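For reference, the structures are reproduced in the following blocks.
Shared between the two complexes below is subunit A, which pairs with subunit B and subunit C, respectively.
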Partner chain A sequence: MLAACSLFFLTIILGAASRAKPTVFIKKLKNKHYQLIVERKPYIVKGVCYSPIPIGGNHEYDWWSDTSKPWMIDGKMMQAMGVNTIRLYQTHENTEEVKTVIRDLYQNFGIRTILGDWLGFWEYPCPFYGDKRFQDKVKASVLDMVKNYKDEPGVLFWILGNENNYSCLGAVNPWSSDEIDKEPDPQKQKAMKSEVYYSFINELSREIHKIDPNHPVAMGNGELIGLDAANKYCQDVDIVACIIYRGKTFGNLFRSLRMTFDKPILLAEFGADAYDAYLKKEDQNMQAFFLESQWRQIYENLANNKEGEGNCIGGTMFEWSDEWWKHAPDNPDSWKAQDTESNWTNGSYYFDIKAESNKNMNEEWFGLVALSQEQEFGMNKRIPRKAYYVVREFWKNPTLEVKKKVKK
Partner chain B sequence: MKKYQRVFLGIFLALSSLLLAHSLFAEEKNPAQASYELALDRYNHLKHLEETQSWDEYFAQGNDYRDQIVTGVQKAIEATKATDALNIQARLLSWQFHKDQQDAFAEQALIDLMSAVSEYANTTGNVTLIKEVADKLSSYQEKRNSRELYKIYVAKIINVSAKDEELLKIAENFYKEGNLELSETVYDAYLERLSKAAPEKLIPLLTGIAKQFAYKDEGNKDTLYAEKIFQKIEDLGKKEAFDEHLMYSRAFNLEKAKEYSKAKDIYLKLIQDFPSTLHADEAAYKAGLISAYVLRDKEGARGYFEKLTSREKDISPQVISSFYQLGLIAQWEENLDKAKEYYTQLITLAAGNFPETTAAANQRLKEIEEKKALDYNTKLFIDLALSAENIGSNMSKSELKASLYNLQKGQEAKISSEAYLPASGCMQIELQYLWSGDTGKNLPSVMAPSFNASYNEPGTKLIGLIVSSSSGTVDRNLDILDVR
Partner chain C sequence: MKKLFLTMAALFFMMPVCASAEGQAPVVVEKPKEFVVYVDKNSRDNHYIPSGWMGDTGDIKMADQCAENPHGGATAIKFVYSAKRSQGQGWVGVFWQNPPNNWGNKKGGFDLTGMTKLTFWARGAKGGEVIQKFMVGGIKGMYPDSAEIELGPVELTDTWQQYTINLAGKDLSTISGGFSWTTTADLNPEGATFYLDDIKFEADPAMKPEGKKRESMPFYIYADRSTSKNHFIPSGYMGDYGDIKYEGSSKDNPYLGDTCIKINYSGKRVQGAGWAGIFWQNPANNWGNVDAGYDLSKATKVTFWARGEKGGERIEEFKVGGLMGEFSDSDNATIGPVILNKDWTQYTIDLKGKDMSYIFGGFCWSANSDNNPEGATFYLDEIKYE
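Our next item is the complex of A and B:
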């Protein structure tokens, strides 16, 4: 009898355990809004993209093994600002070092980490998403990441890729396959590439869910480009992580997403630079102006704000600190000086659009903190920009200007 | 902040405070009006802070001001009906605010505004307010809605304006003001009134309107509206309606509207109806250029050029250029003897009078003599225009325009291009600009999307462009200028 009772209760306990909610998951509310739930509580991602490259280094710099532990200084400053999440584009080959960073940030400052993988986007000659061997290689890299870090309490979720979808249009890192090459119509070629790419992302999502039911999978995507195809071929991702540079706000982004691919959205990369390319001087106010306005719209579209779309779960601003190598990645001499020449143009950032050739986006000036040549704690001193304080104040008191509905 | 900015800001803040005090005082008399004025004041002030980059107050007070705008507008709307001017003003402000904010409420605010204005217009609406709303919508590029309100406005004016002449005057005045959208709406209403009039009365009126809107380097123009009026003239079926100048004006207008196929047809009709027109050579040459480089009709183009080169006297710039075009096509076809023949004939006939075209012909001859390939940019431009496999390169992914199309010798025109690329986010795509044709004395750089062109000899000039990226050709384009 005792044995039977024990077996009965064990079955109940095991059954309950098997039905336990994941640590992190997306909850769809009755009003069709989406909420990110972390350890049973709603979680707004108040994040930054994190790549602490020191002056003189480039993207190959191994900051993970930096004995001065830049993330500890940064983590303290982030915590004071209100940041609760960092986004890492790619992990590092030394898993213990990666775990140290994740644990240090989580245990000391309560900051969680979103881990990503480039999905071979920057491989030479190009990312052959239609090639089985290439897919297997990428899949192995992604699943290794998940296996290595899924049990880290500081991990928030996974992001697959960044703006890889642009490669399906042929303008950036173009790729193809024999079958696609046989199709003479360029529009059909693009559709075929989108099918291949988003089907592959879907397969990766399924595989991740099998080995890690505790963390959602997000798909990095440049703008909303290609999401009609994602709607067909990529329903197993949990979150769309969009890279958006639309200036003051995100326009109709949230509604458009709801119409094309009804998934929760993380603004995975957005922000503004702090250099006026027209007046040729630093302008911290300009950056603060754009970021405050962008966060206001993010908050308008969080769950349970009845006036918004309710499909936003937060954002990770680009980026925590300036990176001095970005304008000329192949010229080490230029990494020692902060370049003021612009790399690209974007009319939505209108204050300095009259710059020569309209090139107004200064890639090396996107940091919420500037880097100083002066050393402090064994690293470049961090100098918070105005945006650091303005966003901090917004997060403390996220006033939304529209609270009441105007009479029809 | 500079001293004068501080002074200006001080004055502005003092005036704002006075206005606010006035608004609060007025609230005792008319709360809805006072709420609206407060909201308007805050809206203007917030814009001023952004424009003057007065960030301290912007960041400190911005949220309060936004709240006051929304609350003030809401109070004004709730206290009034759509038949009140204040209701319309408040709704307009509400839409402007949300539009500026680029938030999700802008769409609904616009629907509400349009519906309220429609109701307002049906009752006792004053036309000035309707026009103010339409003007504001137009300035925000909400063309469909502004046109709708302009129509309502014009219908109201017509009701109160008894005479046709007054209507004509109103249309002309809006044209002079640069409000072409409204001017066209009034002209349309005016022409509708006269739709039953005799062609003899209508044609001079239509001609005047078409000339007014047709392409010219300076002044207000709307090439598509002009063509709409030209078409009305043609539809009247009176052959004599078009004299050679009006027909040339129509063809030139179509050419500048990039309606090349129809432009070619009208140029050919011009030659047919007025064989001795001063524009005959220009028209025939342009028919050749359009045939070759737009319509991909090489043989047709050859026919037009050959007709010009068969002439033995009155050697115009277009005759000389036709030899050059025939030479180019032959050289591209690798019929080098024929090409050499055309270039040599050109140089002989030019007799030193056409230095730029002669220099180009000499350069081509040198290529042939030295057994070198045709200049890369020129060859690629012709490849994309004439080879069947390049049909996808159809000038839809790029734009090319000039600041002036009728130049004097030595006068400069800025030639600028724009390429419409697939989205690439913050990954900037480096483009190359392969210029060819009559680029004038300034040789544009391969990295330059624009350059200043000027010419030392008269004639019709063809500028060719290929835009390319690391992944291949983006598109080709062309533009045609006339040096008089």
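Our next item is the complex of A and C:
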């Protein structure tokens, strides 16, 4: 009898344990809206993309082992602003250093970390997503990341890739396979690549879920391109993490996503630069104007807002601090100066679209904080831009109505 | 005497009081019922000056005291448009401005609050002349007009017809560009001679504000060279724009009607971009700086016919929508890459599930020199939203 009772209660306990909610998960509400739940509470991602490269360094700079611990200074400033999440594009080979960063930010400032993997996107000569060996290599890297950090309380979720879907169009880092090359119709080639790519992402998601039921898996995606294919082949991802540069409005992004690939969306990269390429001078008002407008739209589309689609879970702005190497990555001399040249054009950022050749996007000026040559705490002094304060105030009091007083 | 004096004095002091009282009484000022732009040459009622010539200004001749069969009075305004593309623009227009030549760089204009429509009379010399649009307001610059309202395209007849631009509900508090017309060489390949008369604003209480018009289908981008059915202007040259030759009235085996579009892309990389393309925009050269999207919500697809001169020409993308600026297209849809056949082939861009409620980037193609090292000559016809 006692044994039977014990078995009965054990079954209940084990059953309850097996039904325990994950630490972080996506909840679909009755009204079909989506919420990110973290430790049983709704969580709005108020985040920044984080890459604290100092003046003079480039993307290869090992900031993880920087003894001045830039994330501690940044974390304090982020906390004061209201940031609750950072996004890291890729982890580092030294797992202890990565854990230190995650723990320092979480334990000291309550800031959680989204960890990502490039999925071999920048490998030379190109990412062969159709090649089994390449897939296995990428898969090993991703699963290592998950295994290494899944038990870190500061981890929020995983992002697979960034804008890797553009490679299926042949626009960036083009790749192919023998089978695809045999197809004469380029439209069908594109569809075949999308099937290969999104099927691979789906497989990765399933593998991650097996070893880590506690964190959702997001898929990085440039714009909404290719998501019709994702809808067919990639249903196991939990979140779409979109990279969107559409100026003051995201337009019909949220509705369009709902109709093509009904998943919650994280605005994983968005923002505005703070340099007017037409007037050739810094313009903090311009950046603040765009960012406030973008956050307003994000909030309009959070769950339980009748006016929006209810499928947005927040965003990670690009980016926390300026990076002075980005305009000319191959020229170390230029990393010591903040370049005012522009690499690309985007009419959505219309204030300076009349710049020469319409090149108005200044890669080295996207920071919420500018970097100074002056050293403070053993690193480049951080100088908050106007956007830092404007977004801070918006988060404190998120008013969705557009202010009558035009700032710019 | 004393009594009379007192009475006179009282009257004297009362007079201003009476006058003052009379001044305080409600004064009924009759609001003007019309405001004339042009009725006759030298009429004292005329306002605004047709000083703002645009585009191929060398293609325009104007006679503002033309006595050839005016609609009213003794004169009308005659325009002769040669369509010779004197300045290489392919389009022309004239703004009636106040003060003359005011492109928004000076304070000026009139407060036309209360006016609800602009009416004018127009006729073509032969009939069939196409005016892309007539417009009220629309001056930009430091001192912009408070409104921009357009009508068109309009295909004129050889007899006088009255046209109306509905201004009800519009903010007419500052209008420096009282009236304007624009048209293109594509719409009038042989040029156009036309007449305007009796242009005036009117306060007609019966006019009601127009709601946003949902365009009916089919909605043509290109049907034939000179038809008022066409919408959007192929003005948005992109990338190696020097590599592109556009001919909107090719008679080289059109799919339907008299003409088709012929595009020659040399692939020479004149601007060093390695690619090129054209966006059809509304109005011309609108990259998102003008609030002028059509509501094409009724459309479920865009269809068009295309062929390559040799066959095998590769177009990277055909696209609708997707222009972004201060104003942005509400959605976009693409097909491509497309390898063209030598014979006419119909292509479809699916719009199901798309938000086409605001589109000023009506159609676009782009190609690159990597895939067309020898360039590409191709033809388009019957481009329409359905």
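Everything below uses one rule, namely that the second predicted complex is superposed on the first by the 401 of 408 C-alpha atoms of A that agree within 3 Å, B and C clash if a C-alpha of one lies under 4 Å from a C-alpha of the other, contacts with A are read in each partner's own complex, and residues count from 1 in each chain.
Criterion: a contact is a pair of C-beta atoms (placed from the backbone, for glycine too) under 8 Å apart; a residue touches a chain by one contact, two chains touch by 3 or more.
A quick note: this is a predicted structure, and the numbers were derived from the prediction, not measured.
Participant: With everything superposed onto subunit A, say whether subunit B and subunit C fit together or clash.
Facilitator: clash
Participant: A:Met361 in the overlay: touching subunit B, subunit C, both, or neither? Say first, second, both or neither.
Facilitator: A:Met361 sits against subunit B, while subunit C stays out of touch.
Participant: Touching A:Ala288, do we find subunit B (first), subunit C (second), both, or neither?
Facilitator: first
Participant: Given the touch rule stated above, what does A:Asn301 touch, subunit B (first), subunit C (second), both, or neither?
Facilitator: A:Asn301: touches subunit B, not subunit C.
Participant: Return first, second, both or neither, reflecting whether A:Thr249 touches subunit B, subunit C, both chains, or no partner chain.
Facilitator: The answer is both, since A:Thr249 touches subunit B and subunit C.
Participant: Does subunit B (first) or subunit C (second) touch A:Ile353, or do both, or does neither?
Facilitator: second
Participant: For the overlaid complexes, name the partner, subunit B or subunit C, with more touching residues on subunit A.
Facilitator: Counting residues of subunit A touched by each partner, the higher count goes to B.
Participant: Classify the contacts of A:Met259 with the two partner chains as first (subunit B alone), second (subunit C alone), both, or neither.
Facilitator: second
Participant: In the superposed arrangement, which partner chain does A:Asn343 touch: subunit B (first), subunit C (second), both, or neither?
Facilitator: In the superposition, A:Asn343 contacts subunit B only.
Participant: Please indicate which partner A:Pro186 is in contact with in the superposed arrangement: first for subunit B, second for subunit C, both, or neither.
Facilitator: It touches subunit B and subunit C both.
Participant: Subunit C clashes with which stretch of subunit B: 131-139, 275-283, 311-319 or 347-355?
Facilitator: 131-139
Participant: Enumerate the residues of subunit A that count as touching subunit B in its complex and touching subunit C in the other.
Facilitator: Common to the two interfaces on subunit A: residues 186, 248-249, 251-252, 255, 346.
Participant: Spell out the part of subunit C that touches subunit A in their complex, as residue ranges.
Facilitator: Going by the criterion above, the answer is residues 287-289, 314, 323-326, 328, 330-331, 335-339, 353-355.
Participant: In the complex formed with subunit A, which residues of subunit B make contact?
Facilitator: 50, 53, 55, 58-59, 62-63, 66-67, 69-71, 73-74, 77-78, 94, 101-105, 107, 109, 112, 392, 421-429, 449, 469, 471
Participant: Which bits of subunit A are touching subunit C when the two form their complex?
Facilitator: Contacts found on subunit A: 184-187, 190, 246-249, 251-252, 255-256, 259-260, 346-348, 350, 353.
Participant: Can you list the subunit A residues touching subunit B in their complex?
Facilitator: 163, 166, 169-172, 174, 186, 222-223, 225, 243, 245, 248-252, 254-255, 285-286, 288-289, 292-293, 297, 300-301, 307-309, 343-346, 351, 357, 361, 363, 386, 390, 393, 399, 401-404, 406-408
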